[in-house]
Amino acid sequence: MPNIGIIGATAYTSLELIKILLRHPEVKISYLGVRRTDRPKISEIFPSLQGQIDLECDIIRENEVPANIDVAFITLPPTVSMKYVPQFILKGIKVIDFSADYRFQDRALYEKWYKTPHTDSAGITKAIYGLPELFRDQIKKTRLTANPGCYTTATILALAPLLMKGIIDPLDIIVDAKSGVSGKGREAREDTHYCECNENIEAYGVGGHRHCPEIEHVLSIKTNQTVSLQFVPHLIPMNRGILCTIYCKPKNKGTASALNDEAALNIYKEFYQKEPFIRLREITSPPKTKDISHTNFCDIAVKVTEKRIIILSAIDNLIKGAAGQAVQNMNVMCGFIEEMGLK
Amino acid sequence: MPNIGIIGATAYTSLELIKILLRHPEVKISYLGVRRTDRPKISEIFPSLQGQIDLECDIIRENEVPANIDVAFITLPPTVSMKYVPQFILKGIKVIDFSADYRFQDRALYEKWYKTPHTDSAGITKAIYGLPELFRDQIKKTRLTANPGCYTTATILALAPLLMKGIIDPLDIIVDAKSGVSGKGREAREDTHYCECNENIEAYGVGGHRHCPEIEHVLSIKTNQTVSLQFVPHLIPMNRGILCTIYCKPKNKGTASALNDEAALNIYKEFYQKEPFIRLREITSPPKTKDISHTNFCDIAVKVTEKRIIILSAIDNLIKGAAGQAVQNMNVMCGFIEEMGLK
Amino acid sequence: MPNIGIIGATAYTSLELIKILLRHPEVKISYLGVRRTDRPKISEIFPSLQGQIDLECDIIRENEVPANIDVAFITLPPTVSMKYVPQFILKGIKVIDFSADYRFQDRALYEKWYKTPHTDSAGITKAIYGLPELFRDQIKKTRLTANPGCYTTATILALAPLLMKGIIDPLDIIVDAKSGVSGKGREAREDTHYCECNENIEAYGVGGHRHCPEIEHVLSIKTNQTVSLQFVPHLIPMNRGILCTIYCKPKNKGTASALNDEAALNIYKEFYQKEPFIRLREITSPPKTKDISHTNFCDIAVKVTEKRIIILSAIDNLIKGAAGQAVQNMNVMCGFIEEMGLK
Amino acid sequence: MPNIGIIGATAYTSLELIKILLRHPEVKISYLGVRRTDRPKISEIFPSLQGQIDLECDIIRENEVPANIDVAFITLPPTVSMKYVPQFILKGIKVIDFSADYRFQDRALYEKWYKTPHTDSAGITKAIYGLPELFRDQIKKTRLTANPGCYTTATILALAPLLMKGIIDPLDIIVDAKSGVSGKGREAREDTHYCECNENIEAYGVGGHRHCPEIEHVLSIKTNQTVSLQFVPHLIPMNRGILCTIYCKPKNKGTASALNDEAALNIYKEFYQKEPFIRLREITSPPKTKDISHTNFCDIAVKVTEKRIIILSAIDNLIKGAAGQAVQNMNVMCGFIEEMGLK
């Protein structure tokens, strides 16, 4: 039974990760690392874990690697993560990294958006993008998986079928994304204060969110064409959940007039027919975030109008958008049944 | 001092209307009509009104007109309202109607969307669309104002300046709209149950919301061109507030490359320079619904990207999207200062 | 592997029950019964179940019993449930009933509070109150378990140790209880409308909630003394969770002055030392409903002041207060490990 | 027209204060002071004020007094406020202080709870407790009003009538208080993070909240007896509003059995008959925080049971619990109509 280490154990995503791994029959959490803490016991940091796990968090420094770990989940922030990852790989540990540090094959693109030189050239080249629905075969063989961002997961899964079939114009895509507040992380800031978020909706990072180049990069590689989109994220007064409303243009008028709601949905049904975590919904009963809350599902529906194809996709940003997908990746990397611990 | 009647007093919008009118120094609420109720006292229907107004609601039937009313706010549902309005007009009463019944100059369009023959031809022809920022001069002279819908107010105010200046393509507009639950009305239904709305976001009426033709109709008339848009509304777990995120395309490439955020905002500043209820915001601190909550303001910001012009607009659906705008219309119709009771 | 039937499948508690049972390795859901529905597929009633369970709901009438069921969870309302239960018992099916119909050994007390003659004398006499922490041995042997109410579970678990040790006055107890909205059920009513609940807190049923006599009844029987309490429930703007703040008086001054926070907590630690679902917390980090949300835990803390002993207890009303406890009861009744499916 | 200064302009209570004063016809906001800020314009700190007030905040140091101020609202934290207040008083400025620094006539009691020597002996002796319903005549004549805390306002208004009539035991009172998150202030901390508050309820400061001695102190002085109570505050997932559920014991059995709900309510009706901001409610339709939200009302209901008298009181913590009450005090101090700006 593989021993699991989590590096960055105080994040919201780590709490979800721990809960999932505690239910996973084939692994054992044996190490929790943090960069700093004043409450070493994980059940003091997260009282919901009381009675379920009794580990103390260890202070772990750059370049340190804990002993006896087979799989490491790194939930550190971008630009920090790459200081830790290489040593884990060197020791033969399988790594699933939650940051953006290994999501770009194009180092210059990473450096442009994260404004820091990338210090692990070997890693960024070899890492596989951890979206099993699109990269399962490569994930099976890798030791370093870059777990995707939450917005990116919801968007890529929604767009991939129509882009790969050549149905929509890859240069005319609008993604209007809505996320619960946990997507902002656990740090106490003005914009995560209850009274600032509750009874409020706002857009943020209009025209410059880091998930946009990540989506474009992955979809461009995967579909062999330049994909370019307009992405606007919004903050919603709820703890968890992401809904993306995506507006696409049919590539040519002929395709468009031939397509209706049912035909469009069938493309998705075929594309995702064997996927355990994709659920397709009729547009008359479209995805709701409450239906995927606390699950690893991505719910998708599609609507064809005279002018546009509208895609709706919903995930739990902490599960399919982070911890659940990470475990799904671990399952693929370790040869476990992919749903293990996740249903 | 004009006597005010409210017909349909049990709606959420009526509660807000009463609160505003109680603070208005130049009018007096003297009649409250309802189609049915088991609690006649308005302060029993809305306990928040206790100690502020002591009227009992009167049961009012179609074709009835209460005595001694100078101005009537009709807050009945669409298709019901037009049964009441004509008699008020005949008696010389000024009417501000909250329903959709008088918002379309084109009767066929109304009948297509509301699936009912329109029974007041005279009214639908003469009524003025009650958006003072665009139709102030006509509102001044009319006796029948059609108070706009909430989504429509936020969208039209956001789009009018760029459409009237000919900067954006009127046929390639996407409106992604988000509304609090009070926009669904006060009726208890599955989709307004707390546990269905809380911790949830969902799109609804994808591809077929009635506010879309209303927006297109009004903007087409006002800007003398065919305006056509894609409109998707979403339900947000909050009581009140609407945020519209609007994606437009520059009409020609030259215009677009010449435009930047500041220049775009200046178009709005000029267009709305004398408007008391329009506030323009920098895109770096964009509109939040909490900032316009309980006010008659519409906050707008604009962002120019390589591909699109993105407009954000926020209103309180119950105030600028309903009761506040209605009082603003009354002020215009009665010759009061336009901000009276509203600041 | 026992076949499970759920009668009353459209309740919120049934949704949670289904989710738990789907993860339970030793049972199989084979029947879903409802009194009426317009959407037979359970995954259409609860879209969150799509891809997880494919059963259709069967319309079941009073006196009917589905074939091939070994264990039945009856989630019907009080006064309805007792029309269904007897036939299940007659056929040798193990029953866990969620209503109040079998919670009172005293038939007159039931009839006083539920204002209906009880029609199953045999059942009400034999049924065991399904709180495993207090009645485990009897639950092991019964075929009919009365699953406790949500408020009652939180209150009884908080009070039992101090009452059984004779430390507090059984006649001077105040329970100030706070519940999320799912405690009101799934029916759309004015008091469950989002805009009525959100940004609001209110007391309800002041001086007359049905859970009060249930608590008094069970505690009086269990502790062999008359227990009488003042109980006031409140509605909190959240989906799920109950927090009870309980104010007790030490029975005699001597006891009180000898007791401090630590000693009081130790009484609980001893009383609940083998309980898998009771977690004791220091008063400096008291129970929060978010820590027990989606779990079967009951978190308890205790504070001794000069005048009172204050107990705080938190449960998820849908899990430990309903579906989770029901599965815990099933595990006890069927001889499974008690935590099975619940951790 | 008096010129108003607000010292501590960045607090949530200051935002509400500014909004109220902007509607007040007899005063003018002419100075905003802060201890530090990186955004001097008040409409940048609070975008909701854009278009309504154009002042810049001035950095003000201890012992400084701005020129040309007639009335000062000091919204600084306890222990800071008393560094500022004396100079204002010396210059003849009327002061309404929001902190606890002038709420205790008993300096030792203040120093016990606020763990700091009090540096303004003259002030603490002369200051009047700013609850107009109980101390109106003294407020009329003072230059220094100590604006009460939010919990204390709701509790004292609920208890005063029964305590002054000698109906309840002053030593056996339990106050179970529930507050929205704005009561915690505007600082970003772990316990005000959206995801920590939302879908959660918790007690805090169990057995040691500073508002408890304040309530006991004021009620003891006002009712000429030792009043002692058990006070437990709770944090509720909403922006604003306080509900207190108060459990009292009748002083003697005779009184109790003579009292019913109606008689009890009549005591309140008589006691508060001329009060513009007290509303009494039947227990069948008890106070809800949403009904007093954004108002200066305190809604109260009372229930007599066999064992207890239960009082419910609700206020908006930011209005009647802070800014509204401060303006009410100003109106009394300046001889304005007491409701001015508040209805």
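Going by the order they are written in, the chains are A, B, C and D; count residues from 1 in each one.
Just so it is clear, contacts are C-beta pairs under 8 Å (C-beta built on N, C-alpha and C of every residue); 3 or more make two chains touch, one makes a residue touch a chain.
Computed from a prediction, not measured in an experiment: that's the story for all the values here.
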If each step moves to a chain the current one touches, what is the fewest number of steps from chain A to chain C? 1
Given the two chain pairs A-D and A-B, which is bridged by the higher number of C-beta pairs in contact? A-B
Chain B-chain D separation of Cα centroids, rounded to whole Å: 37
So how far apart, in whole Å, are chain A and chain D when each is placed at the average of its C-alpha atoms? 46
Chain centres from averaged Cα atoms put chain A and chain B apart, in whole Å, by 39
Interface hub residues of chain B, defined as touching at least two other chains: 196, 198-199, 237-239, 288, 290, 293
Which bits of chain A are touching chain C when the two form their complex? 22-23, 44, 47-48, 50-52, 199, 276, 279, 281, 285, 288, 290-295, 297, 299, 343
Going by the contact rule at the top, pick out the chain B residues touching chain A in the complex. 172, 174, 176, 178, 180, 196, 198-204, 206-207, 228, 230, 232, 234, 236-241, 243, 245, 247, 283, 286-290, 293, 303, 305, 307-308, 310, 312
Spell out the part of chain B that touches chain C in their complex, as residue ranges. 12, 181-182, 186, 188-190, 192-199, 237-239
